[in-house]
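Look for subunit A in each of the two complexes below; its partner is subunit B in the first and subunit C in the second.
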Partner chain A sequence: MFLTIQATFRRNYLVMRHSLPYTSIIGSLLSGFYMILFSYLIYKIMFNGKLDDSFIKYTGSSDYITFAVLGSTVYILSISVLLIVSRSLISELRQGTLETIFLSPASRQGYFLGCMLQGLMLVGIEFIGILVMGFFFGLDITNINPISASITLVLIIFSFYSQALVLGAIMVWFRDTYITQNTLITLMGLISGVSFPIEYLPDWLQYLSKIMPLTFGLVAFRETIMLGGELVSSFESISYLIMLTTCYFLIGKYLLIKVEKNILEKITE
Partner chain B sequence: MKNLMTIFMAEFKKSHFLYFHTNMIYFSLLVWPIILFFSAYYSFKPFDTKSENVLSEYVSNQEIGSFLLIGYLGYIFYFSLMQSAFQMAPERARGTLELIFLSPVSRLAVIYGRAMANLLEGVWLFFVFTVLGLFFFGDIQPHNWWGIPLSLFLLIISAVVWGGFLNAIFLFSRDAGFFFLIIQEPLLLFSGVRIPIPVLPIWGKFISYLFPLSYVLLIYREIVMRGASLFEVSTMIYSLLVVIIVFILLTSWIIRKAEKNSKINGSMALY
Partner chain C sequence: MIKVEQVYKTYINKHRNFLFFSETRQTEAVCGVDLYVNPGEIVGLLGMNGAGKTTLIKMMSTLLSPTSGTITIDGMDVVKDALKVKSIVNMIAGGERMLYFRLTGRQNLEYFGNLYGLRGSLLKDRINYLLSKVGLEKAADTPVERYSKGMKQRLQIARGLINDPKYLFLDEPTLGLDVSVAKRLREFVQELVHREGKGIVLTSHYLEEIEELCDRVYIANNGRIIMHDTPKNLVFNITHGNVLNIVVPEINDKLNNNLRTLIELHNANIEISSNEEGILISIKSKKDITTEVVQTIYNSNVNLISLYIEKPKLEDAILQLENGVA
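And then the complex of A and B:
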């Protein structure tokens, strides 16, 4: 598995060096910028910085800007990780290299991990870039608990990774990226508590939000940064996050085996 | 004129056969905008909407729902045209674009035919959603019914002109996805879809007046939500007409430039 990770990493790194996807980096930075700007405008200018009491009740904090900046940053991170991993297979399919990968005995998880780790080189730049922009709008991380925040971040990234396995299998099955990915991404933006706490949503949407790792990831991440919580204090959301990660991982693995079989059968026909 | 109409209709028909053979289009033109609309609606929830604020001068707190619905209706008209412009890339790759440009057809008729097809077929579903939504929110009593077809007409005309402009830009560049980011997101932010323009800071207002959508939404809301008379919105209608004419001139200039550019650099399929 390690060899596959290394090989995939190296290949994708070479691809990246030869054509740096600068438009996608600028794109993510701009999306983050617009999201933060929107939150800033409605909070500071439209509502004069006045929050409803319910916001403080739901989040335990009155710092809307930090809430919104962290929401946007992790949301953009989730999109990037989801797309890097899930689109890897369908890109191979479009380039005509998928069969070769499926015919080789290389570890499938190694392949995906390699894709993600290499992708994180760019995603990291975007993540830090959006956070830096956040500081200009008033992001406040003085309460941060650095160790818990880092551990939570790693857990969040892996939860997106396992969700991406399921997404990738669906994409290859339906041979579609545009509709599948955008429907999921817009839905996550609504139900996962990116720019408002999910408690404002109707009950049935709140239930739906419980299947998104982003929901729990955001709660835990905000807790460690805004309230300086230990990992224990966000125990509930962390354990949900780990549970969801495991479920998505198993489902994704199962679906990918199915998809692989389906494609190999089509080749032999 | 008859010749122009034939070209227009031919392009209209072609776009119809090409892009509306699947139901998938309803995702991008119905499901996503509905999700986006609700995201915007709930984004206002964390704030204190009970006491006086800058917003309440322009939109009362009960009206936020209908305010956003009208905004998103305008936005979806413009978004459907963004999608039509995106289809320029496959057309370029297949080589049909080159064939069209080899024939002596009017370029503007082709561009506007494409835009019109995508607009009329794409947005009717969301339009139904908006009408239902406005009744659902229940706080809207349009004072002058004549204003609705008028503002809808302005919306369609301005959206087609906007779509023609985008299509022309996409003639120029292959990596048009980038334009999507620098045009579409500011459109959503600054044209009064989610934030009333009078509330924006001065630089934001400046950006907003570059988009025809800003004028349309101002007129639409004045008429439907405030019951303004035609006379009261006439200045805005004139400004909109000026902006539309500027965009048409700009579009035809870009098309000529793009054609010249591809004649110098090689085929349309290549660049």
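And then the complex of A and C:
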């Protein structure tokens, strides 16, 4: 499996060097910028820079800007990871190389992991870029607990990876790259607590938000950065995150096996 | 040994008529096929478009699972032991797919080699060997998107051999190759089989290719195998042997009578027509009766202007067979 990860990483790296996806980097940076700007304006203009007590009760903090910047950054990260992994198979299909991958005994997880790790090279740049922009709006990370924050971030990335396996299987099944992914991404942006705590949502939407790894990832990540929390202090959200990751991973793995058979039958020269 | 036993494959496709109304369509691409391939032998798979050749090859190479029936390769089931089978087989299809256009030829081979668990100097040597075998040393470090069609096809062939497979499936491998490249490929295929003992299944629409290369041929039609034999026997059985063409200036009564007797004796067919040289007598027979015919002509005091023997090709056999089936 390790060789497959390494080989796929290298292959995608070579392709990336061949034609750097400037537009997608700039696109991500811009979306991050707009999201932060939007939250900032709403906060400053509509709420006059004042929060009601419930925000503090739900988040343990009164720093809305940091809350929103972290939300936007992780949200953009989730989109990038989801797209990189879930689109990989469908782009092999379109290039006509899917059969060669399936013809080989290579590990499928190795393949997807290779795709993701290589993708993280660019996603990392986007992530840092958006955080840097955040500082201009008033992002405050003086309370950060760096070790917990890094571990949480890694867990978050793997949760998106698992979710991407499911998304990828669905996309391949329906031969669709737009409707499925855009529905999921919009939904995640609305209900996972990206720009406001999920407690503001109606009950039924709160339940829905519980199936999104992003929801728990954000709670844990903000805790480690805004409140300087140890991993144990966000024990509940971390364990939820790990549980969801495992579920998505198993479902994704199962669906991909099904999809692999189906997709190969549909290929005609 | 590859063993295909009573294999069926039905494709099920949903065909959308209008928004959400869809009907399912079933295509029985392969119906009850039995075949075998020994290591060290080239087996041809012939048949018209849509006969089910590609479907069979994809099942043997683990890409598709049979709807029913079993396929085993060296005793391993292509469905249950798919991973083990994958490492000893490979497939090459004609056309330009199955390659990364943005990578160079060498990078493509490196990637595919890695997928088979190969690495380091072993892989490097293998790649150099294959590149030189397919004549792509000079283009090895050029991106594939700048390759010509023939170069892509040759790289395909190198890709198909990257894991040094024991069994190789070639689905129209010479599609779109020029004459000399195709010839070199055929020589290479023969070398693989005769020197390295690989088992090869070959489909091709170029019948001379099949005739030249294959030890045995299966002829498929509508998903069924309708014939199985050596190319030589197939030709012979289907076309009823050679055609002897003789041109004479005239036919006298004596020659006419003598020829008829000879024809009846050997259960042959005769056709008489005229061409610019004279009168053309075409005799079709299972047995070679050239000597007897020439003797008869001399005995009848008729001059012989020219004589040539038409050997039937596999192509003639197939055409006849397909006319018969249709």
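By our rule, the second predicted complex is superposed on the first by the 264 of 269 C-alpha atoms of A that agree within 3 Å, B and C clash if a C-alpha of one lies under 4 Å from a C-alpha of the other, contacts with A are read in each partner's own complex, and residues count from 1 in each chain.
The rule we apply is simple: a residue touches a chain if its C-beta (ideal position, glycine included) is under 8 Å from a C-beta of that chain, and two chains touch if they have at least 3 such contacts.
Quantities reported herein were computed from a predicted structural model and do not represent experimental measurements.
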item	value
Side-by-side fit of subunit B and subunit C on subunit A, or clash	fit
Apex subunit A: angle to the C-alpha centres of subunit B and subunit C, given in degrees as a multiple of 10	90
Partner chain in contact with A:182 - subunit B first, subunit C second, else both or neither	first
Which of subunit B and subunit C A:27 touches, first, second, both or neither	first
Partner chain in contact with A:64 - subunit B first, subunit C second, else both or neither	first
Touched partner set for A:203, first subunit B, second subunit C, both or neither	neither
Partner chain in contact with A:4 - subunit B first, subunit C second, else both or neither	second
Partner chain in contact with A:46 - subunit B first, subunit C second, else both or neither	first
Lowest inter-chain C-alpha distance for subunit C and subunit B in the superposed arrangement, angstrom	6
Of all residues in subunit A, those that touch subunit B in their complex	23, 26-27, 30-31, 34, 37-39, 41-43, 45-48, 50-52, 54-55, 64, 176, 178-179, 182-183, 186-187, 189-190, 195-197, 200-201
Subunit A-facing residues of subunit C, complex	11-13, 54, 58, 61-65, 83-84, 86-87, 90-91, 93, 95-103, 107, 110-112, 114-117, 119, 143, 159, 163
Sites on subunit A touched by subunit C in the complex	3-4, 6-8, 10-11, 14-15, 18-19, 95-97, 99-106, 261, 264-266, 269
Residues on subunit B engaged by subunit A in the complex (per definition of touch)	24, 27-28, 31-32, 35-36, 38-39, 42-51, 53-55, 175, 177-178, 181-182, 185-186, 188-189, 194-196, 199-201, 204
